[in-house]
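Chain IDs A, B, C and D follow the sequence of writing; residue 1 opens each chain.
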Amino acid sequence: MDAAEFFQYVIAGLKSGSIYALVALGFTVVYGATGIINFAQGEFFMLGGVLAVWFHSLGLPLPVAGIAAVAATALLGVVFERVALRRQRSANPLVLVIITIGASMVIKSLARHLFGPDELSLQEFTPGPSIDVAGAAVERQALWVWGLTIVAVLVLAWLYRRTKLGRAMRACSISHDAARLMGIDTARVVMVSFGIAAALGALGGFAVTPLTQTSWDAGAAIGVKGFAAAILGGLGNPVATVIGGLVLGLLESLSVAFLSSTYKDAISLLVLLVVLFVRPQGLFGKARRGKV
Amino acid sequence: MSVRGAGVTMGGMRALTRAGAALLVAVCLPVVGCAGSGAGGDDGAEPYRIGAVLSLTGSYAGLGIPEKKAIDLEVARINEAGGINGREIEVIYEDDATDAAKAQAAAVRLIDEEGVLAIIGASGTGQTMAMRSDAERAGVPIISMAGGSVITDDFSEWVFQTPWPNRIVVPFVLKQMAAAGHTRVALISDTGGYGVDGRDYVLAHAEEAGVTLVADQTYNAGDTDMSSQMTKIRAADPDAVLIWAAGKEAAIIARNARQLNMEQPLYGGSGIARQEFIDGAAEAAEGVRLGTGRILVPEAFGEGTEAYNVATDFIARYEAEYGAKPDIFAGHAYDAIGLIADALGRIDGDVTSEALRDALEQTNGWIGIDGTFTYSANDHNGLTEDEMVLYIIDGGTWRLDD
Amino acid sequence: MIFLSVRGLTRRFGGLTAVDAVSFDVHEGSIKAVIGPNGAGKSTLFNLITGFDRADEGSVMFDGASLVGRRPDAIVRAGLARTFQNTELFEDLTALDNVRIAADLGHPGGFLRSAIRFRLAPGERDGAARAVHLLRLAGIDGFADTPARDLPHGTRRLLEIARALATAPRLMLLDEPAAGLNGAETRTLIDALYRIRDEGVTLVVVEHDMGLVMEVAEEIVVLDRGAKIAEGPPLLIQKDRAVIEAYLGEECGDDGC
Amino acid sequence: MSGVKGSRTLMTPHLALIAAAVAVAAVPLLTPDRYVLKVLVYVGVNVIVIAGLALLFGHAGQISMGHAAFVGIGAYTSAYLVKTLGAPWLVGAIAATMLAAAGGLVLALPALRLRGHYLAMATLGFNEIMYVVFREARAVTGGNDGLGGIPYPEVAGLRIDTPVGVYLLVWGVALLTLLLVTNILRSRPGRAMRALHATENGALACGIDTVGLKIRTFALSAALAGLAGALYAHGVGFISPTTFGLDQSVIYVAIVVVGGAGSLAGPVLAAVALTLLPYADALVPGLTKETIAVMQDWEADIYGLAMIAVVIFAPAGIGGLLRRASARRAGEVRG
């Protein structure tokens, strides 16, 4: 295998990996604010693509359709949190998780009722032949996926570090009670977190649909990958999460290159299990102090 | 103290009482539910009851929905024309939600409760196989619309099949590739039923067709990028790539091939004979060749032939009713209900499931969408490679390859 | 007779040495106290002895056997029980059931044996009775049927002690048993500690309440910043220069002098 | 202590289970309907799985998002031994139970180090890996096409090939399972599980061998899932990988939560209700064809909404509702 070919596998891995990363970021944001895993995260991804196709079919220009899809999904995330989750906040976290599982079933099924059972397509943002990078061919749309991932991470990092909202979110991720004592409106933080998570998922779905098409059932598989990436990254800061996604994508791609395409999912999951066994808190998660 | 001691046990007892109550509900609910249902009286004018188990939801919803549309259309047409032997056809639908266990339960219900003569279905191979043992037990014929070779290879006297299984399509496409001089072939297939079945036939028939397999890659349903697999294939330097896949991933493969600047022609089978493939792959779909039945371009039947008339009539009626052209799945369903109607019309004497099965086996030269069917006691698919034509995608649609 | 012997026990967290080469002995049937300013390493020391944390260096001998490397539950079964600074009760269960779970230790009952039978094992019936007895010993039998989460603070501490007692320990480590207790509750606690000692249980107590420590402890170990700075009977410790400085230092830190 | 005497035995509470057994036995007399019996076989199989998961997840607090894989291990093991190798059914069922238990031991290893979402991910990964194994080990499993024609159960030379027979077998095992699980929950291991669930440190301080407890609970829970799998394979006659996928594992976890963690009756009720729900269109009498079509079309929505509704209106699950109801009744009696 020459260097160019190897590089091509790396490109492929980074392409899948950044999609996983965007979904994983949604998991981490909600986890940070609420301590729960949102099983509807994959459906946000699906909605981003499906809604963009729908808006585009109504005659909206592609960028507007994309923004509208992301905004609509974010709104849905906020509404979902307000309607289904807010009143249950004090309840057992498991109850919240089950609500997200039920919601994912409903969202998925509604999408089928509204948008039909078949695949939906979207044109590339900037059509054209792929670009040669050190002997490896890179799709133009892949550049968009990477670009949007980077923008999302930068915006998130800025939000977390530089804004009042971000500080409130970080405070919530440490302790809701402490955050409330600091005068933070934790309910608002949770609501906004769901909006951000939904927007991140939808952004991924929108960016990827030109490459992959989408359909009402596109959320489940990507949801599992995103969850795995988030866990690998340690459910912590955005950068670690993105690295988790990229590592997962690379693992899969290199499994195809050196081992077997049939077993690539099993191989990457096996690696994940080994990582978890050695580092129970993920690659970048902070170890709990040995304090009782 | 003693009271407290008892309290502990009392709690446990309540738990058990509750478990008992739960069980009572479990067993009583369905009993209540089913009282009163049962077969109606027997009347000469009673319609022929046919069951249909389709994947109307779940991952095969894209198959089951057009299938249902085609069956509805045909049943309405037959009944408006006075039915068969003066009796109408009534179809009782069950949704298996793309789930094998649900398909089986649905088959049981159709057989035992609805007393159907035959079952159309299922949409998928696994669901069809799940219904088999109950159909055999009760002696009710099944006409499957799924393409898995196993359905008729693993022979059952009660199971028929309308689509061209991979057993027919794969050798045809391989021969076409060889004829075009593509002897070094790379394969990429999905790990679902369709892809694995196809891959088995590719491995078995490559040599006979005169091609060598230089790469053999797979992917999973739901994968979003296959460029790793295509890089592997590119490195093997094949003359052509054979995509044996169904679903949206096939379009990703075509895109990935183009993105990697692969010049090799792409081939496929029935799995990519869908408008969604062309939409999804966009420009990358141009020049892709695929082997399947004639419905995509009815002219392939030969203008003026009876088969051409049958196909164009169906296409026109389907389009008038639903506003879109029928796909191959609608065609499979057209054939399933049509074969049953044809067999029913040929039965002399009592119309029973067994008589229907015998009549189906005597189907001889019935002209449908998937081809001209001739069933026999040991061939329940009834189609041959002669039904296959090679298409090329050109300008966003199919045309016959020359 | 030396019952518990701690030698050179050390635990580091990154650059911080939380417990620094601490050694001391506990005699059978005595009450020993461990005191020190906040962050002196008292709780960490307890965690090391009871197996909840692993020491980097040093040894712990209990009744002639080494405890190093043994799991916490095995150490409990060996006869060394403990309570926690932040009580670790089974919140949804009643006070009685909290104690009963610990009392289960005394009798058999694996999965198989439990699954296939129609009568409760005799030991299990006795367990319930013993649990009631222990609640009474701790002076909280009035709360037997109250879920732990609904108990008043002081009662929770006493319940945890009762639960630890149910494991039939020979030595008990109590981590700040009087924290948050009012005067009357502290009195109840002190009485309970004497009763427990008189039943033959050796006690080691980490405590901030100096009144309690000076009254019950026969000997005191003083820790500061992980290291032992003094050891001896209460009267000597009260006059120890290093101890006074350590505590004064702390107060200065808090009040800004 | 004399007052305790009456409740010293477990006999009294077992009366409830005996009553349930009578009810189970009565069903075939009331309805000869194969479809109802078939659906009830699925219900019975799920009750067994849920009893095991309620033990592991609901009581011991160890999440498993991989239980469908254990059901699959059991189903394929028994199907392969009996159909392909011609072993007696009982041998197949026992081997299925044992192999699933062994799988449970493997999965218990991460459980010793992982908690919460990390454990969920590990078990979920296990399910995905097993799915690939079911799909690819075609010589044993038949791959995607599945394994059909699995023989009916045969016990002591008696072939259980009628719907009534299969139904009685599955529910017989289900009731027995509930009996065993109830006994365990009411005894020392059950209390140890609750302790572990509440606080692991507290459990350790009570001298509970949490490592052994986790391992044994995982193994037992997996064993029950494997047994359920063996019953499913031979009762239904056809198995394929999709039946044992991650979706199903998620549903199992949801059933336990909807039923109420820390309860057995609740999850069992939830298993019954949620297994029957997708068949409601066929089980509820007097529905028009149109209603049935709508119900089928909206099945996933109804299922999801039902799940959400239960946990919103009863956050402690069905078990919590039952507890409240019985507390109220007890209050009335006292008052």
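Just so it is clear, a contact is a pair of C-beta atoms (placed from the backbone, for glycine too) under 8 Å apart; a residue touches a chain by one contact, two chains touch by 3 or more.
Please read all numbers here as calculations on a predicted model, not as lab measurements.
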Among all chain pairs, the one with the most C-beta contacts: B-D
Most centrally placed chain - per-chain CA mean versus overall CA mean: D
Chain at maximum distance from subunit A, centres defined as averaged CA atoms: C
Centre distance in Å when subunit A and subunit B are each reduced to the mean of their C-alpha atoms: 34
Interchain centroid distance [CA atoms averaged], subunit C/subunit D, Å: 41
Subunit A and subunit C: spacing of chain centres that average the CA atoms, whole Å: 47
Inter-chain centre distance, subunit B versus subunit C - centres from mean C-alpha coordinates, in Å: 69
Where subunit A touches two or more other chains at once, by residue number: 109, 220, 262, 265, 292
Set of subunit D residues in contact with two or more other chains: 1, 4, 8, 10, 14, 136, 186, 201, 297, 300
Multi-partner residues of subunit C (each touching 2 or more other chains): 52, 84, 88, 97, 100, 120, 125, 128-129
Contacting residues of subunit C [partner subunit D, same complex]: 50, 52, 71-74, 76-77, 81-84, 88-93, 97, 100-102, 104-105, 107, 109-111, 114-121, 124-125, 128-129, 163-164, 166-167
Subunit B-touching residues of subunit A, taken from the complex the two chains share: 1, 5, 8-9, 11-13, 15-16, 19, 109, 112, 117-119, 121, 123-124, 127, 129-130, 137, 139, 208, 211-215, 217-218, 220-222, 252-253, 256-257, 261-262, 264-265
Partner subunit A, residues of subunit B touching it in the complex: 57, 59, 61-62, 65, 191, 217-225, 227-229, 231-232, 235, 247-248, 251-252, 255, 258-261, 276, 279-280, 282-283
Subunit B residues touching subunit D - in the complex, by the definition given at the top: 1-3, 5-6, 9-10, 12-37, 56-57, 93-95, 97-102, 104-105, 108-109, 112-113, 125-126, 129-130, 132-134, 148, 150, 154, 191-193, 196-197
Sites on subunit D touched by subunit A in the complex: 109-110, 113-115, 117-118, 120-122, 124-126, 128-129, 132-133, 136, 201, 246-247, 250, 253-254, 257-258, 261, 297-298, 300-301, 303-308, 311-312, 315-316
